[in-house]
Amino acid sequence: MTEPVLSVRDLCVEFVTRRGVLRALDRVSFDIGKGEVLGVVGESGAGKSVTGSAVIGLIEPPGRIASGEVLLKGERIDNLSPERLRHIRGKRIGMVFQDPLTSLNPLYRVGEQLVQTIRTHLPLNAAQARERAIELLAEVGIPAPERRIDGYPHEFSGGMRQRVVLALALCAEPELVIADEPTTALDVSVQAQIITLLKRICRERGTAVMLITHDMGVIAETADRVAVMYAGRVAEIGPVRDVVSRPFHPYAAGLMGSIPTLETASERLVQIPGSMPRLNAIPVGCAFNPRCPHTYARCVVERPELLGRGERASGSHDGAGAGHAVACHLYDEPGVDAEALVQRDKVAAAATGSAA
Amino acid sequence: MLAFILRRLFQSALVLLCVGVIAFALFRLVGDPVNQIVSIDTPFEQRQQIRKDLGLDDPSIVQFGRYLVKAARFDFGISYQFRQPVSTLIGERMPATLELTFMAALLSLVVGIPMGVYTALRRGSFLSGVFMSVSLIGVSLPTFLIAILLRWIFSVHLGWLPSFGRGQVVNLGWWSTGLLTVSGIKALILPAITLGLFQMTLIMRLVRAEMLEVLRTDYIKFARARGLSDRAIHFGHALKNTLVPVITIAGLQLGSIIAFALITEYVFQWPGMGALFLGAVQNVDIPVMAAYLLLVSFIFVVVNLVVDILYAVVDPRLRANMQAA
Amino acid sequence: MSDAAFVQIRDLRRVFDVSKPWLERTLAREGHQLLKAVDGVTVSIRRGETFALVGESGSGKSTVARMVVGLLPPSAGEVVIDGVSMTAAKDAAARKKLRRRIQMIFQDPYASLDPRWRVGRIIAEPIRAFGLAKEQGVEARVGELLRLVGLDPADAAKFPHEFSGGQRQRIAIARALAAEADFIVCDEPTSALDVSVQAQILNLMKDLQERLGLTYLFISHNLAVVRHMAATIGVMYLGRVVEVAPARQLFSHPRHPYTRMLLDAVPDLAMSGRPRTPVQGEIPNPISPPSGCTFNPRCALANDRCRREVPPLKDGTACHAVHEGRADSQDMPEIAAG
Amino acid sequence: ATLRYANQGDLKSLDPYTLNETTTNAHLGNVYEGLTSRGKDLAIGPGLAERWETPEPTRWRFYLRKGVKFANGEDFTADDVLFSADRVRAAGSNFTTRVPKDAKFVKVDDYTVDVVLSSPNPILNYQWDTWYIMSKKWAEANNAVAPTPASATSPSYASLNANGTGPFRIESHQPGVKTVFKPNPNWRGPTEHNLTEVIFTPINSDATRVAALLSGEVDIIEPVPIQDIQRINSANNVQVLTGPELRTIFLGFDQTRDELLESSVKGKNPFKDAKVREAFYKAIDVEAIKSRVMRGLSTPSALMIAPELFALSKDFTRPKADPEGAKKLLAEAGYPNGFEVGMDCPTDRYVNDGPICQAAVGMLARIGVKVNLNAQPKAQYFAKILKPNGYKTSFYLLGWTPGTLDSHNVLYDIMGCRDDANVARGETNLGGYCNKKLDALTDQILVETDTAKRNQLIKQAFQIGFDDYSYIPLHQQALAWGVAKNVKLVQRADNQVLLYWIKKD
Amino acid sequence: MADIMTTPPAPEPAAAKPSPPGRYARFRDSDLLASFLSSKLTMVSAFISVAMILGALLATWIAPTNPFDPASVDLMNSLYPPRWVEGGDTRFLLGTDNQGRDLWSAILYGMRVSLIIGIVGVIIAATLGIGLGLLAGYLGGRVDALIMRVADIQLTFPAILIALVIDGVVRSVFQGLGREQTAFSVLVISIGLSFWVQYARTIRGSTMVEKNKDYVHAARLMGVPAWLIMIRHVLPNVIGPVLVILTINLALAIITEATLSFLGVGLPPTQPSLGTLIRIGNDFLFSGEWWIVAFPGLTLAIFVLAVNLLGDWLRDALNPKLR
């Protein structure tokens, strides 16, 4: 396997608050390869954004990276000086935020913001930078970029602004783009356009993408692989098709079942009782244990490791590889066909619903 | 833009009209102005004559109209105390007050903004702590105490700076300025500091709060994520956004600078409008009081208009609003 | 359940005046700027049914909802609920009685509960306001309602901020039920929630409907959710209803090009690989909408007539191309099969 | 040398007939001159009139000085005296009493003027040092023939410009800010001062004034707050000149109204009862006021006139403070529990006026009288209590210097009956004390020319006032001028800072 | 169906508590208290404020003498330095002023006067401002425009100007009345009149946000009349920031009172507030009786500083964004 563009190893992020230290990320590991789109899904507060910020080095006090490594093309970047980090941000890692309305400084022309960013990273003069900015705008599908470049953000519609944001992130041809819910604030029709755009650009440039969202549909459309996060941990990671159609983790299974789709006809949705714990009350053992229909003694005491299906026996920890890995004790329990159990569960829940 | 200015002007005129009503009501409220004017042993006939001369026999509305017409031509009547046209008196005193308030405002901005920016950027640093403490003390010490203290130290004890007055002034036409002579500038230092200190701390705290707010916004986060340098982020993106609300507040503060100039002028015997007004209050010199009020609100209105226009210059969103596409 | 329409919305219109102030208008020599947020919506909802309105942001869904419940007076048109006009002057007395029976569930569970009030008081407010129970009985009734929506009666003593979004939405539902409403307008009740919680709420709503015979006007921009909830669906675009159809039919045989576009934009979670055409353009500025059929700039089938004439809603579709038979009735077999 | 001088008060008007007020008069005394003048010891001496005689009791003859020029170069002649005599008595003048209404001025020649009176007046010219002579031509040329009334509604030339015969002229005048004096080039000499310029600044605030002196920004300040005297004297380049002042500070009662304006006693006026007045008198401990409020810088007084101005003043002694006795008197008068009364007091007119009143309030509280003190700036104070407003006061503090420096003025203005509205008698008798016997004596005093006899009459008159407890005289306050050590000047007891005698090294 | 209806509440910490917490318990657990306890400076300033307020309110009992009663003041006691200074008198802890008033008592009483004026003035301002702000924000339209224009005019005149003008007018209208009768109302009214705008603007702003929130809509759907909605729903939710303004305004009001007294328009020397004491003391600054100005000045500065510190802390503690 070629060296991944981004490799996150056992990343822990903590927030020091008055009420104690909150662990927002707890030993998160994953890789993203060249040209690959890794989807990160999970409920609100699962730690998706924190993961993105940690990778690009934007965790601000009281937050801190407590342990673990972030490797960009094999080079550690989590412990760089702020100045060195700055040269990576924007140049080698681009980032897109959720809200295009607030991501752009309202007082500066779109062009000024683009030129400034370009010139920060590339040795171009003002005129060249402007030229490049126009090209970029054209690339992200803004009509008449020569004219629009002198517009202010408030003169753009939401979808257009998100395109500008994308252009800003792509200024210096980064190797990795982190997109934190890039379409949540947009309408479905616009969302589709933006996703298509993102996909196209990354394919053309071979950029790796970390796509954070809680919309499974977007992931299914866009991602190659997907990581399901729960309470700051990766519950399951694997190729998108597998995770969507045959999720291993009971949480992932519940999640998939609870999504209404155009295709499912059942009257009822699968529902996971309760809600995700807050950071200051994460249960011991498996974080999902209070909500899991299959909880047993081990889940309450021991935290399950993220292990690939094939790696179980060996007990190797390298669960973040390209394969399909899950953090659930069921799959370690001898004599239990966990997969069958989880799948049956999903069907059963839906069935009870329709019967009622 | 034109419409905007017109509207502001209209509103301003309204404000001035209201203040005019108040000023005029002042005349009426205090009862018979003749009582205020004449001294001992003025016979009744003479009083009647004065009453007639002043046009106090006419109905109120007529008097008000006349007052407004005169006021519009900067004719505010005669000071009861000095027996001079109020406009002359104020005209003579205005340069002093304007120079003082201008210097104080300048000081508060030039020192306050950088301090605010610093404390926002270096939260928790020692110097920030010092600045914050100083600022708190600045808002907690009444202006007059500061004035007393400063004068006690710098003019009486150390003898470095004059304790009162404007020093040597130079007349440029009708404007008398103290800015062109050494003694004039020396005389300006203490009053300007006294007056500016409170505003400075206010501005500093405001800038700090706004800056912190701005630093939390998404576009700053996004700018960081694009790898822009701290300088570009702090002084390009953040500062400019910070200044937008600061401009408004600073404009509003001008009103209070003028009000507080009163105390400063009183303590330092600064020959400005504030001291004039204070004397007027003590002597119930209503024409001076009324004219001062009108003038202050006029200045205020003008400053506000300028602030609003400035606002538009800084913020393209408002510019768009105003341009009435 | 009667077949007669329980709620009738007739040619409902709402215009917002978004003009500049008088002086600027005069100087710039421009007239009033009017925003037609809702432009002639006619819909009828049967008792016990869920009627859904879908459409992109700004299409006027919320405006319709607010007019239906009476939070916003319509510019024109009429809302008749259970035979009582919500707008005509004559029905004032009857309307007062009816008011109670129409309640609303809002989008943002964080904003729809007064943060300073305890949950018990929040739920009791309609009971007290409408005098639905004696003061002694209020507490018991509140407990009952809390249980009904899956919460603990002891929760009555807590404040909203002690609950998660889903739980808050349950409280909001309990409040609506406290008024003994039978018609509930839900304006995107789950769009602020996570999918797993959304499932809880949607399930709860369906259960309550079955148990209490509620009628829902369900508003959403998520077609999948709508498909799950509604019997009949109206698709809105720029203030107009462009298509109304029973759910199944709408998904299997979408007729209006806009409906099709919306369906195409929905991400394909099952990765069934159904053929989709990419979405074109963005929703135009509602202040100066295109003439004729407002969808014409984004429509592949648009012709001159579309650019001139506003298509009437006929046979559940407002589209010249459909009426003229120019649109091939493109079926969506996969969905139909499901 | 340039002299910088600061005073609490300002030069209110340059028209010498607008306002009869010490500070203004003093200032204008540098610019204008009267027919007479007062020397360093206040003795009346020649002014613009070289000498005068009284050929008959009702005719005075004044011989004018020759070769005197106004600041603008015009010659001074008898015409100017005649003109000034008319102008000073015209409507709007604040100095009408300086010259009797019925006195006729007759020009004998260019340098001789006769004044013809209807009745004899031995003190006719006592106040003429502040009746300043103006130039007829100048006034006529500048449309300033009529005096500028205090109530002027339009500025007059004379109130903004000055043209006198005095040793100085006014270079510039900005009311409330600054007035610059320069030596008058047409001054006839001799010149005793060595000043080339005088910059006068009114500084209202005591602390600022003292600070200005201490920091060397001004050479003279007047007055020095008495508590700061020690501090100033301890500095090495400045000192305080103190001396007795002629002003008597006293308390007065409303004795005319049937019910006091501000009092808890209804239906009667407690001050009409001499016992009550006596009780008040005895309640006040002037010695305490002297030592605590005035820091020793006052002369407690039993009389309504300064000892310097009345030879027999030693014959009067002030009864000792006696709060117990005062209480008894009050009880006898029918107020065993005291009563409540309002008191008016200026805060910026006399030395420590506010604190004196406050101290009096405390002393009266001890005999059970609750005094509601209305301490106010002088402008309001005078506006309230003086004649134009109808003497609206029940109990007040006032100071008085007889303008003539003679007892008659006190007996006439302060202690004379107010009952005849057509006569100016008792105009400043704010409380309306009235004793016809005293009035009769006063009239005799006016015409009596034998000094010893006259003094006896005065003594009798004062005794009546004393026995009636008509007023409570407190003390003569002291003058206190702060002066830089390199400045030599003459401190006159009438508190006029006159530039003419100032020398600065 | 039953399984769905019995969905357990989320396993949140709050849910874990057996019984709903009482008001006290909630306060005990609140962030406010925690942040309070974590800041020493805040605790010190709270202690100082409370001690000073108590001292002022209990002046009648604490103070050795009543400085407002002229009968109890002996002129012969004037100008004693503080007890520990040479020449001091054991009866007078902080010395006496020029009238022989015990400075310590005078400060306590003066503090009380200053406080009462500040508090009453600020209450007037807050009531006026909150009421008008609510009306303007909730009703909008012309009412709003009118109120806000009035506010604009008001802003032209800071407190000092207003007080001076009102004072001048009052003095000439009620010539007979002494300072003692009018000063209090003049000060209180001027402070009330000049500080209301800030409340009105704040309240209006948050009311406009709040009235469009769904819980207000929900209340409207229940037919709750507008005024009740304003009082019951909107007011409690917009009142938060007012608390901060209140504290800071109290400090400002006390300064304003002191300033006006210093300028001579405030309270008379017979009933001195802190400002009046400072003004009196200012005259003795050169003559060596420093304590007359120093102690009242220090008291004023410390109190205002403490209140300001509290306000600062409160602003930060109540600001959700900073948490």
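As written, the chain order gives the labels A, B, C, D and E, with residue 1 at the start of each chain.
The rule is short, and it goes like this: a contact is a pair of C-beta atoms (placed from the backbone, for glycine too) under 8 Å apart; a residue touches a chain by one contact, two chains touch by 3 or more.
The shown structure was predicted, so the numbers you read here are calculated from the model rather than taken from an experiment.
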| item | value |
| --- | --- |
| Contact-graph separation of subunit B and subunit D, given in steps at minimum | 1 |
| Shared chain contacts [subunit B and subunit C, defined touch] | A, E |
| Which of B-E and A-B has more C-beta pairs touching across its chains | B-E |
| Distance from the mean Cα position of subunit E to that of subunit C, given in whole angstrom | 49 |
| Cα-centroid distance, subunit A relative to subunit C, in whole angstrom | 32 |
| Whole-Å separation of chain centres (CA-atom averages), subunit A against subunit E | 50 |
| Multi-partner residues of subunit D (at least 2 other chains) | 207, 211, 214, 377, 380, 383, 389 |
| Two or more partner chains touched - positions in subunit C | 164, 166-167, 200, 203, 207 |
| Interface hub residues of subunit A, defined as touching at least two other chains | 271, 273, 275, 356 |
| Residues of subunit A defined as touching subunit C within the complex | 43-44, 157, 159-160, 187-193, 195-196, 214-218, 220-221, 241, 244-245, 254-255, 257-265, 267-273, 275-276, 353, 356 |
| Partner subunit A, residues of subunit C touching it in the complex | 56-57, 164-167, 194-200, 202-203, 206-207, 221-225, 227-228, 251, 261-272, 278-279, 282-283, 334-335, 338 |
| Contacting residues of subunit E [partner subunit B, same complex] | 149, 152-153, 155-161, 164-165, 167-169, 171-173, 251, 255, 258-259, 262-265, 275, 278, 282, 285-286, 293, 297, 300-301, 304-305, 308-309, 312, 321 |
| Contacting residues of subunit E [partner subunit A, same complex] | 1, 3-4, 7-13, 31, 34-35, 38 |
| Parts of subunit D lying in touch with subunit B, wherever the complex brings them together | 12-13, 18-19, 91, 94, 148-155, 159-160, 174-178, 201, 203-205, 207-208, 211-212, 214-217, 377, 379-380, 383, 386-389, 427 |
